[in-house]
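Read from first to last, the chains carry the letters A, B, C and D; within each, the first residue is number 1.
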Amino acid sequence: MSALNPVPVAIVGASGYAGEDLVRLLLSHPRAELAAITSRQYAGQTLAQVFPKFAHHPKARSLRFSEPTTDALVRQAAVVFLALPHGLAAEFAAPLCQQGARVIDLSADFRLRNPAVYQEFYAQVHPVPELLSRAVYGLPEIYRSALPAANLVACPGCYPTSVLLPVLPLVRAGLINPLSIIANSLSGVSGAGRKLESDYLFVECNESLRPYGVPKHRHLAEMEQELSQAAGRPVVVQFTPHLVPVNRGILTTLYLAPAQHFNDTAAAARLDGSLRECYQSAYGQEPFVRLLAGPALPDTKNVVATNVIEIAWRLDPRTGRLVVMSAIDNLTRGTSGQAVQCFNLMCGFPETSGLM
Amino acid sequence: MSALNPVPVAIVGASGYAGEDLVRLLLSHPRAELAAITSRQYAGQTLAQVFPKFAHHPKARSLRFSEPTTDALVRQAAVVFLALPHGLAAEFAAPLCQQGARVIDLSADFRLRNPAVYQEFYAQVHPVPELLSRAVYGLPEIYRSALPAANLVACPGCYPTSVLLPVLPLVRAGLINPLSIIANSLSGVSGAGRKLESDYLFVECNESLRPYGVPKHRHLAEMEQELSQAAGRPVVVQFTPHLVPVNRGILTTLYLAPAQHFNDTAAAARLDGSLRECYQSAYGQEPFVRLLAGPALPDTKNVVATNVIEIAWRLDPRTGRLVVMSAIDNLTRGTSGQAVQCFNLMCGFPETSGLM
Amino acid sequence: MSALNPVPVAIVGASGYAGEDLVRLLLSHPRAELAAITSRQYAGQTLAQVFPKFAHHPKARSLRFSEPTTDALVRQAAVVFLALPHGLAAEFAAPLCQQGARVIDLSADFRLRNPAVYQEFYAQVHPVPELLSRAVYGLPEIYRSALPAANLVACPGCYPTSVLLPVLPLVRAGLINPLSIIANSLSGVSGAGRKLESDYLFVECNESLRPYGVPKHRHLAEMEQELSQAAGRPVVVQFTPHLVPVNRGILTTLYLAPAQHFNDTAAAARLDGSLRECYQSAYGQEPFVRLLAGPALPDTKNVVATNVIEIAWRLDPRTGRLVVMSAIDNLTRGTSGQAVQCFNLMCGFPETSGLM
Amino acid sequence: MSALNPVPVAIVGASGYAGEDLVRLLLSHPRAELAAITSRQYAGQTLAQVFPKFAHHPKARSLRFSEPTTDALVRQAAVVFLALPHGLAAEFAAPLCQQGARVIDLSADFRLRNPAVYQEFYAQVHPVPELLSRAVYGLPEIYRSALPAANLVACPGCYPTSVLLPVLPLVRAGLINPLSIIANSLSGVSGAGRKLESDYLFVECNESLRPYGVPKHRHLAEMEQELSQAAGRPVVVQFTPHLVPVNRGILTTLYLAPAQHFNDTAAAARLDGSLRECYQSAYGQEPFVRLLAGPALPDTKNVVATNVIEIAWRLDPRTGRLVVMSAIDNLTRGTSGQAVQCFNLMCGFPETSGLM
């Protein structure tokens, strides 16, 4: 495909918050042409009618939602983004892949390599287990080399993105005990999707702080898969998500045991140097990873609507633990932006196209 | 003192958020008479002028802020609440105690028994170390028996309240390894007080999630003092506070290692039973501790403006850890309400007076 | 009935936000005994199970929601509060009144004296028009004398309360042209009730400001009824409600034409004096009306969870208009608190019982 | 200047919220090169250090804040944006203009043509009254033809933008009585700037709704200047701003008297047609004006971070009034985005450059 012609893309299920954020990014992407958007609920209406916020884009006034059919999608688009509930996504992915479309799936359907783990965490038999081995886990900083040839990309969950990017380099470098990982996450309410449940009404969320899904949230499955692979042995993670009253953002605080004890200032300084070196080597050149220095700590308001992850760490000489903190936008870096980053790599475009 | 005559009380430094919440409670307290309020900034103005929200109380329209002088306070009040910055509080407490007033201090000045620890965490020499041994730590569920005779009460910090109430019974019962305690806390912005710093402007806090004070927050000192005493050996705690956009509330999530491993369902069920028994025995009859059962988890919106703490726990058979969660109002249970609970015990009033 | 025995009361439909706030007030009311609460959805569960926030009240742990039947209600309660949707409320009110219960209705069913107006604004035939003439409009400052003998009270809507209290005295005194009234109101999201509509999801309301129901909101009917009666001629009102991201509160800004022009400072000062005199005479002794003086302007945060209305006014010599502003809590003064104020008057209790 | 070489631009006073939003837009502008940013407070630090949120732009990591000196600014930039307090802005504008820079001023200093009005509303003598006649009022839809040749542009205030765009076409077309204008506006807290005043602390703004600046806000001066000019006679406006808890956004509701009465459905339909025609003719081709059709009403969440204004209107046959509503982002359309739109017109660039 020519670098000058835009790539025709489609979004299936563009009416949720993740799909909507993907529309935002693809409408302005210099190398993508939004050729089709589907939604059973909104079929026939223009993008501008459903999402007035996009109405100043000429494309939003002409492009209409259609019923999702794989035949039409394959004709219209070279790359299809699936923003569907898990289970349903797999049903679309299989025929699309078979007919030659490249698929970027935002659901959980292709994130796990082991169908038994999928069944354990998602309480259903995987509909197309034979596709699992073909999917690339779309965490670009980790799987960059596999993405150009990928035809099926499984975008990571929002919580796993906020956990894996800060932890994987430490596990790979042997700097922490991989069995010690505790992840405490705060999420904005858009993470729950556009669900009509009373838990997500304004009055129920505003002035409310609450944990949920304790202790076995579904996102554990992919966190543990990736960390186990990096560690070379089975890893289980302690993970607690919390709902807090912001629209967007995930703030994750990680409690980790360094592989080496540090009893004095000198040992702590040496370990801190190793950590800096490890992160610098992993992410020093990454356009979307911001390693904070000095007294700065992550703050979700500095990453909202961007594809950036902020990471900072502190050694605690009193407890011997390492505290690592990260901030992302759950919709952009957690879903749609990371999907576009994968898309750029799949198509050979500059990785930051449409994301700066 | 007669049970029918109200006790005259004073609030020194009633212009911050904690002082304001104390005013709210004492204006309606059936056994207390708000006899004096002081504030250098507002001296001469009525309570109603400074806080319009109280103006429908007749007392608020007549009571004026005065300059704080210990002589006048001792004449006017039998019990004096100090809502002052640490350091300054100790300067008032000493002469007040000497002249016979009973003092309930909301600052950190009398929480620590060891002046060296005070100096380490508060970066100043303690002004009246000889008073430290006379102070009672005002956590009523733990120090109830000492409060009736107390003349100087040190109300716990808001974070320590949210950590100690759920953890102390477990440590006392030997159910957890006291060296394993990790506390992750989220706090509403009123916890920072009415400080004119740009960090606390609406635009900087709204749509923002951020950790701060990592890894050595001042409240660690009192947490560790109380936990060490309960454990019978030195305890250090891992504690990370976060600022989140609500006015009031602290949500604390605790990661703990049970003293006994549990490898199977039966062992987990036994341990869960022991935990329930431990909490039931400690708090089953407490009017302000709500032990959640079934699927319920703590939510700050259920405790705002009350003196209640909500507690729930979950064993994680995958990791072998115990997750305990608590919710309080940082101003009421975290400060002013707990102070009134102490006041009730000091005066022999029903413990719930003015708090239901 | 004896002043010392509490009055048994019931709440029908206690699961919405208004019903919940009424539960809060009645649980603590010194002269009321919450004898029954009904809810089809929650029948069988205790109040504490449905609303954990009330669980520290012993009564909340014993009282169970029941199916609503008028026979049982009449046996259990002397006064029945109806917190039901309009239409349904009238179906309960009729048999309850007939069987001798006194009814305080929070819905719109008995606010309008003219069934044709009810039909115009609520798009249904009034089910029991013969009861309309017996109902007292429960705005206590205006209808105080009729409340002690009332057996059926129609509590005003939240918006009408915020408009009528500031405007009625001016109309009665002939100080404004009653045909000039423009009311611009902002409401917190609890005003929409606990409705599962996507418009009220957190993400849709947070960081959103929007008008709705323009130009013919249902609450106009009762505003115009009361203003027409005060003016002695038909009055129509311009009214625009807006949804803004707070839980509770209504801020209403009124644009009015004074009956007399004021062209110079002296005339403005005279008119301002008349306005002050008018408001002072109407509300100077009212426990729940706060007339702001000096530079103070209404702020909903000063009235949240109280029965107070704040009122301030400004003459604009540049335009010749009068701007009057009011703030209430839409749930408390707008619904439940005003209902309790009516209850107090009906039962001969001090008007502020349970409301300070 | 060549269309292919970017225009070097500078921002003076880039540390407030308006300046920060301007930085956001200019960093991504395809035809502008951010050559200098000044701030006394931050001189020496990089843009990335002061605003971590921009740190993923390479330019933000290299560009440093400098002390503002007109000599340096003239050397570095062809166009200088002034994001300074009024009074101070004029002091910079005069020498910059004299030395040949083109100036886009975001303050109030050059918005008023009459220095006496400036003195009345801003309580100081205008420092360079001779420049007033040279300034173009930077409301592009109204003053588009004057902008290409302008060397000094006065960007309108945020409230005036939200009022003038919906009202000016109606006044020009004679569709409303220009003496009838009432504007009720709600503003997000960023409109107050990054001021350290307790009124703007999170806890004071969250869960608060309040009017302020009643009845003579400074922005009236420019509203009335522009409306008087359009009407051909002196116009005074009734304007009430309110502070509401969102970060960004202005929602303005306008109450207007149509020039022609409409007593029946047919007359209302004719008038509605005239209004549609008027707005369509004024804004039908405008890229940043969204005329809402059908049941849609403005919502600030649909315009946040964009340069778009949403406008809708309703005739009220009951009162004979016209209600017009608009929504903008107070920072982008209200300040920085509109400034960039002016910049595009001044430089001959497509008007939407850097704004879509």
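The rule we apply is simple: a contact is a pair of C-beta atoms (placed from the backbone, for glycine too) under 8 Å apart; a residue touches a chain by one contact, two chains touch by 3 or more.
Bear in mind the structure is a predicted one, so any value in this text is a computation, not a measurement.
*Asks:* Does B-D or C-D have the larger number of C-beta pairs in contact?
*Replies:* By the number of C-beta pairs in contact, the winner is C-D.
*Asks:* Measuring between Cα centroids, which chain is at the maximum distance from chain B?
*Replies:* In terms of C-alpha centroids, the chain at the greatest distance from chain B is D.
*Asks:* With chain centres defined as C-alpha means, what is the inter-centre distance between chain B and chain D in Å?
*Replies:* 47
*Asks:* So how far apart, in whole Å, are chain C and chain D when each is placed at the average of its C-alpha atoms?
*Replies:* The mean C-alpha positions of chain C and chain D differ by 39 Å.
*Asks:* Where does chain C touch two or more other chains at once, residue-wise?
*Replies:* Within chain C, residues 188, 204, 206-207, 245-247, 299, 301 contact more than one other chain.
*Asks:* Per the contact definition, I'd like the list of chain A residues that touch chain D in the complex.
*Replies:* 28, 52-53, 55-57, 207, 287-288, 290, 292, 296, 299, 301-303, 305-306, 308, 310, 356
*Asks:* If you look only at chain D, which of its residues touch chain B in the complex?
*Replies:* 17, 189-190, 194, 196-198, 200-207, 245-247
*Asks:* State the interface residues of chain C toward chain D in the complex, per the touch definition above.
*Replies:* Going through chain C, the ones touching chain D are 182, 184, 186, 188, 204, 206-212, 214-216, 236-238, 240, 242, 244-251, 253, 255, 297-301, 304, 314-316, 318-319, 321, 323, 325, 327.
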